[in-house]
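In the two complexes that follow, chain A is the common piece, with chain B as its partner first and chain C second.
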Partner chain A sequence: MLKTFSIGGIHPAENKLSAESAIQALPIPQMVSIPISQHIGAPATPIVKKGDEVKVGQLIAKSSGFVSANIHSSVSGTVFKVDDIMDASGFRRTSVIIKVDGDEWLEHIDRSEELVKEISASKEEIIKRVGDAGIVGLGGATFPAHVKLSVPPGKTAEVLIINAVECEPYLTSDHRIMLEKGDEVLVGTQILMKALEVNKAIIGIENNKPDAIAHLTKLAANYQGIEICPLKTQYPQGGEKQLISATIKREVPSGALPIEVGAVVQNVGTAYAVYEAIQKNKPLIERVATVTGKSLKNPSNWMFRIGTPVKDIIEAAGGMPEDTGKIVGGGPMMGKAIASVDVPLTKGSSGLLLLPREETARKATKACIRCGKCVSVCPMGLEPYLLMVCADKKDYERLEKDAVMDCIECGSCSFTCPAHRPLLDYIRLGKGKVGQIMRARK
Partner chain B sequence: MSIIAITILALCAIGVTAAIILYFVAQKFKVYEDPRIDEVEEALPAANCGGCGYPGCRGFAEALVKADDISNFNCPVGGAAVMSHVGALLGHEVKAADPTVAVVRCNGTCENRPKTNQYDGAASCSIAASLYSGETGCQHGCLGLGECVEACNFDAMYMDEETGLPVIIEDKCVSCGACVKACPNNIIELRKKGPKSRRIFVSCVNKDKGAVAKKACNVACIGCRKCEKECPFDAITVENNLAYIDYNKCKLCRKCVVVCPTNAIHELNFPPRKEKPAAKPDAKTVKPAAAKAEVKDAPKAEPKANDSKEETSDNK
Partner chain C sequence: MNTKVLVAPSPHVHSGDSIQKNMYGVVFAMLPALLFSFFYFGLGALVVTLTAVASCYLFEFLIQKYILKTEVTINDGSALITGILLAFNVPSNLPIWIIMIGALVAIGIGKMTFGGLGNNVFNPALVGRVFLLISFPVQMTSWPVSIGLTSGYIDVETGATPLAIIKEGLKSGTPLSELTSQIPSNMDMFLGNMGGSMGEIAGAALVLGLIYMLIRKIITWHIPVAVIGSVAILTGILHMVDPEAYAGPVFHILTGGLLLGAIFMATDYVTSPMSNKGMIIYGVGIGVLTVVIRVFGAYPEGVSFAILIMNAFVPLINVYVKPKRFGEKRK
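== the complex of A and B ==
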């Protein structure tokens, strides 16, 4: 029997419409807007001003702390302005807007397709250069990668787990990276292993991607210490704690980080970005995103430059269908609806889902019938129905006691609720408040 | 017979022993409570709204009795009358605090602030605010889901279906501040009620630059500083593209209301102006009327902009 995580989980319709579509390069737009905060942590500080000439790969905003990330120009051209523009959630955030002129790269970036297997950089060098390249977790959470690679003193990493699960329905970008950039991903994995000083890496892939499992298993024979671990398809296996439970059968304690059980988890897209940064000197200026939806003409995977407007990628996939009711940034389970098609794609954009109107409409909320389905599907073993009530009634003490902070916001509870109660919305609200209270107490 | 007598006697004996023990225990563990706490609590309005910042009227009474100086304490529900009564009970001088009232600082009605998207999530302002900027282009204004109305314990608020904004019923508002805390966008403020309930305030909290604010909402404060220059009492400050009127300095001269190009400054409960026919009407109709006034005023401003454009193109 295939491995999976120990408790909870659901299996929504997979709808991997774009799995057969090879990654294509999205044409460079005329104007890009690159937000200075595309990661968890402190926003970067812009170091360019209006009128500056920039090249592809040039640093335009500097990391402003340990948990922060550098931002590089994804295009060459002139800085049009540094201004507040609307982000995907509709709030105005500082961005660097660049008018594109040609495609001139910085000279030290190696743009050849040639595979470089030899890892010459040392452990410290790797961590430093991953930080310099502005690499963040590309699974969607955008946590700066160099922070995860810096193992705190007193702790040791035993195993690196590469998250190639892609448990979100519809999304196929990681799947395509594994098929098309298999060797690069494996070299990236070895670089990460070197940085963490571990000699074992496990790549977890769900069994709805048999071609990726077969391809990587064949390639992995040439690399030492990398094991491919096929997993039973189950949402939310891509959650760090769930993946650790599935692959090495260890449970991360409440409130602790994976390093507590000797594991470090990185996304497969991150491994590819690390390969490019260390072997090719290329900072994180582009990534792969899936554009998909049942009514979309051409669901496909695109390599886009950071800062490209959402409407460009929709145009490339055959234009917006008439019946679009909601555009979701990310997958259907954890993604968020975006406020406008003019907003830029960022480091965290793993996909764009155009949902038809009839599928997006929320159904009327009814009373909780205490069926307990939300409890049985919660992968963290929480009681979502109770947390929702506590959040609604502002009982923050009880929320904290009932471990609301362990919620990974996967949305399994809301998905499964037969009364269509917006469980996660309330839990997320309560989690935010409890987080504030806990920080204030420190 | 004797069984009944013995039973009664035994019970009496137990009762007396228990009473004696309880008497000494009560003496030993007696907790002294200031009798004035009860008196003060009696004097308070028993609304238990928490507007004073203490957990209910009892909590407030305890704090009042404990305090050496009660001039910083105020019961917003009872106002000056209750506070002077409490002052008399405790033997303190009490200065009458100015009565305040809640004010909604957003005039982004459906007409003034067009919707750019549709929200169909859980009907709660805090949840909407935690997800995104709201249904309109303005990320600062009213989200229109009525969490403030739900928070009000005094039936002093309702949602106006036509405008999509909350309305405060002045006579019922006790200024407890529950709505202020409930609003995730901080658009409600407790302001001085003013003589004859007359007051002036900037009905906007948009901190975006003028052009962005104006594009999102017709009646947004664009931070043009005209009111700041006009004010003879230095009561108006413009910070982060947003004007704010200090109600302690404001002398209610209404000069700022006239100069505001977007009608973002509201006056409430003033008699109609005599000299101008297009005067602002009074309190209860001021919101929809302000919207209409905006439409009337708009053409006046626009031709100027057009003229200058034409001139420049001619020059070219």
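== the complex of A and C ==
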């Protein structure tokens, strides 16, 4: 029996169309727009102005608090302007727009492919440099990585869990990183272990990536304390709380963080970025994204410079198919639909999914037949049907009592509902409102 | 690249499941039992089924179109299920006009007065069935003897059900060991060779339907297992206490509407609890009530009443029995 999380879960069609496609470097665009807010927390403060010359890796916006992240230039050239432009969320946000000229990197960045295994940095140094490099959780949540590495006083980390599950259908960027940058990922994992002062790390990988499991298991023999843990292919295996439940059989209590049960979770892409930051002095200026879709000519994986427009990666994969009905930043279950192909790819862009209109158009909502399927698939043990009704009736007291804030917005309920009810839409509304009420009470 | 794209919150894909798929899945699961009823009761079974189904469709259509003036949703498959279940729950020689009254009560009172599919508290087919049982006790309890395909409709030989034979016999003081010769063997009862309502007799066919629904994930095991299990345990205990006064578990499971109720009626989505824990409580309630009515009550059969009584508790169960939340301490 493969390990999996404790309750609920679904198995959507995997559609890993680009799994065989090796990571390629996306050509550097003529212009990049780098938003100053690509992470959870306070937006960074721009420190460049129109006309400034910048090099690859140069700091262009400074972290403005503990929960914030530095932003570096991903290209070399001249700052064209610092202005508000539409980002992937559809809001206008401040971005640094740079006109590209050549590809000149800061000198201290080591661009060689050579593997550096020896970790010379100390615990404090690692945490500081991870923060300086602007690294955020690359699984999609974009939570600043150095915050998670700073274990709060009174708590101890026992185990580092590397999230290499990639449970979202279609996405393959983590899969490719494991296959092509296996050693780098493992060194990155050891760096993270050192920062957390733990001697055990578990890399959780869904069983639909047997090649990655075999490859990493072979490599991990050369590294101390790293265990590869194959997991059942079941969504949302990559949810932080679900992954902890699957790998170490502990359930993070409602409202608590993973450190409560002694665990810290980092994405496999983050581990790779940490390797590059600590061993190669390279800040987070590029990452891997999957561009995919059933009608797309060439579903593939690309290493892109942060700030590259979405349309460039679509072009690289053969152009936008005629039948495209939705452009999703991320996977089909939790990704965000984006309104324009002119918005920039950012640190959180793990993939770009072009869904045919037919596949993504919602069907008419029918009456709830009370089949209870939403209850049985909910990985948090909630009752989505009830939360939807309460959100609709604005019964916030009951929503709070029935643990609406525990919802991880995985979408299993809406995906499953035979009556096509927009359960998660309503639950999100309810969560927003209950969150406000709870904050006001404090 | 001027294509207009949709912008909507996640998830962006759907499983493809639908109300129709589930409803017609249930209908498909009922086919073996339906075929068995044709096989045992011939023409009568055909007439009763067609009348019940057609009436359910007709009344749902008329009520939605002309009284409620809402969207007509007869294609969702739920009226078909109610029709077949109503037919399953009556004798195969029931006159057409009585069946039509049953269908009107089932759809009109059992379902549409509450607001239609998804809102009814009680299983519509059982509301119709119990209304008929109380209003037409004679017609509703004259069970045709199953003689096979050549069986006619109204003018057929009738006999008592095994449950009634045991009930009457025990009431008159006959010990159980003397009554067993009057009832069919366990194998005959499992294959449906006994008197009873159309759809309830063939245990084998009903179990086949259950397996299909479990494989297709239309229902979960909780309710059928809870109902059948609690009946088995309770009657087992009674039988051990006094083998001459109480029939054993196998008899109770194979006779009457127990399998039909546990598999197709207690599992009705709308009128059963939402959480697995709730389903088990509900199922055990049905099992216990069935045994109490059968053994200590005035009626020989109690499945219908037991399900309807537990239907009334479902909203309460849904409020007080919550699924196990993630991160909650296990007791």
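Basically, the second predicted complex is superposed on the first by the 442 of 442 C-alpha atoms of A that agree within 3 Å, B and C clash if a C-alpha of one lies under 4 Å from a C-alpha of the other, contacts with A are read in each partner's own complex, and residues count from 1 in each chain.
The rule is simple: contacts are C-beta pairs under 8 Å (C-beta built on N, C-alpha and C of every residue); 3 or more make two chains touch, one makes a residue touch a chain.
Quantities reported herein were computed from a predicted structural model and do not represent experimental measurements.
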{"item": "Clash or fit (per the criteria above) of chain B with chain C on chain A", "value": "fit"}
{"item": "First, second, both or neither for A:336, with chain B first and chain C second", "value": "both"}
{"item": "Touched partner set for A:429, first chain B, second chain C, both or neither", "value": "first"}
{"item": "Contacts of A:320 with chain B and chain C, given as first, second, both or neither", "value": "second"}
{"item": "Touching partner for A:362 - first (chain B), second (chain C), both, neither", "value": "both"}
{"item": "First, second, both or neither for A:89, with chain B first and chain C second", "value": "first"}
{"item": "Residues of chain A touched, compared between chain B and chain C (which is higher)", "value": "C"}
{"item": "Which of chain B and chain C A:41 touches, first, second, both or neither", "value": "neither"}
{"item": "Which superposed partner A:144 touches (first chain B, second chain C, both, neither)", "value": "neither"}
{"item": "Closest approach of chain C to chain B (Cα atoms, Å)", "value": "5"}
{"item": "Contact residues of chain A, present in both the chain B and the chain C interface", "value": "90, 336-337, 339, 360-362, 425, 428"}
{"item": "Contact set on chain A toward chain C in their complex", "value": "6-7, 10, 12, 90, 169, 241, 245, 251-254, 256, 311, 314, 319-320, 322, 324-328, 332-339, 341, 353, 355, 357, 359-363, 366-373, 375-376, 378-383, 385-386, 402-403, 406, 409, 411, 414-420, 424-425, 428"}
{"item": "Complex contacts: residues of chain C adjacent to chain A", "value": "1, 3, 5-15, 17-19, 21-22, 73, 76, 78, 116-119, 220, 269-276, 279, 318, 322-328"}
{"item": "Residues of chain A defined as touching chain B within the complex", "value": "84, 86, 89-92, 336-337, 339-340, 360-362, 365, 422, 425-426, 428-429, 432"}
{"item": "Partner chain A, residues of chain B touching it in the complex", "value": "116-117, 120-122, 124, 126-127, 130-134, 139, 208-209, 212"}
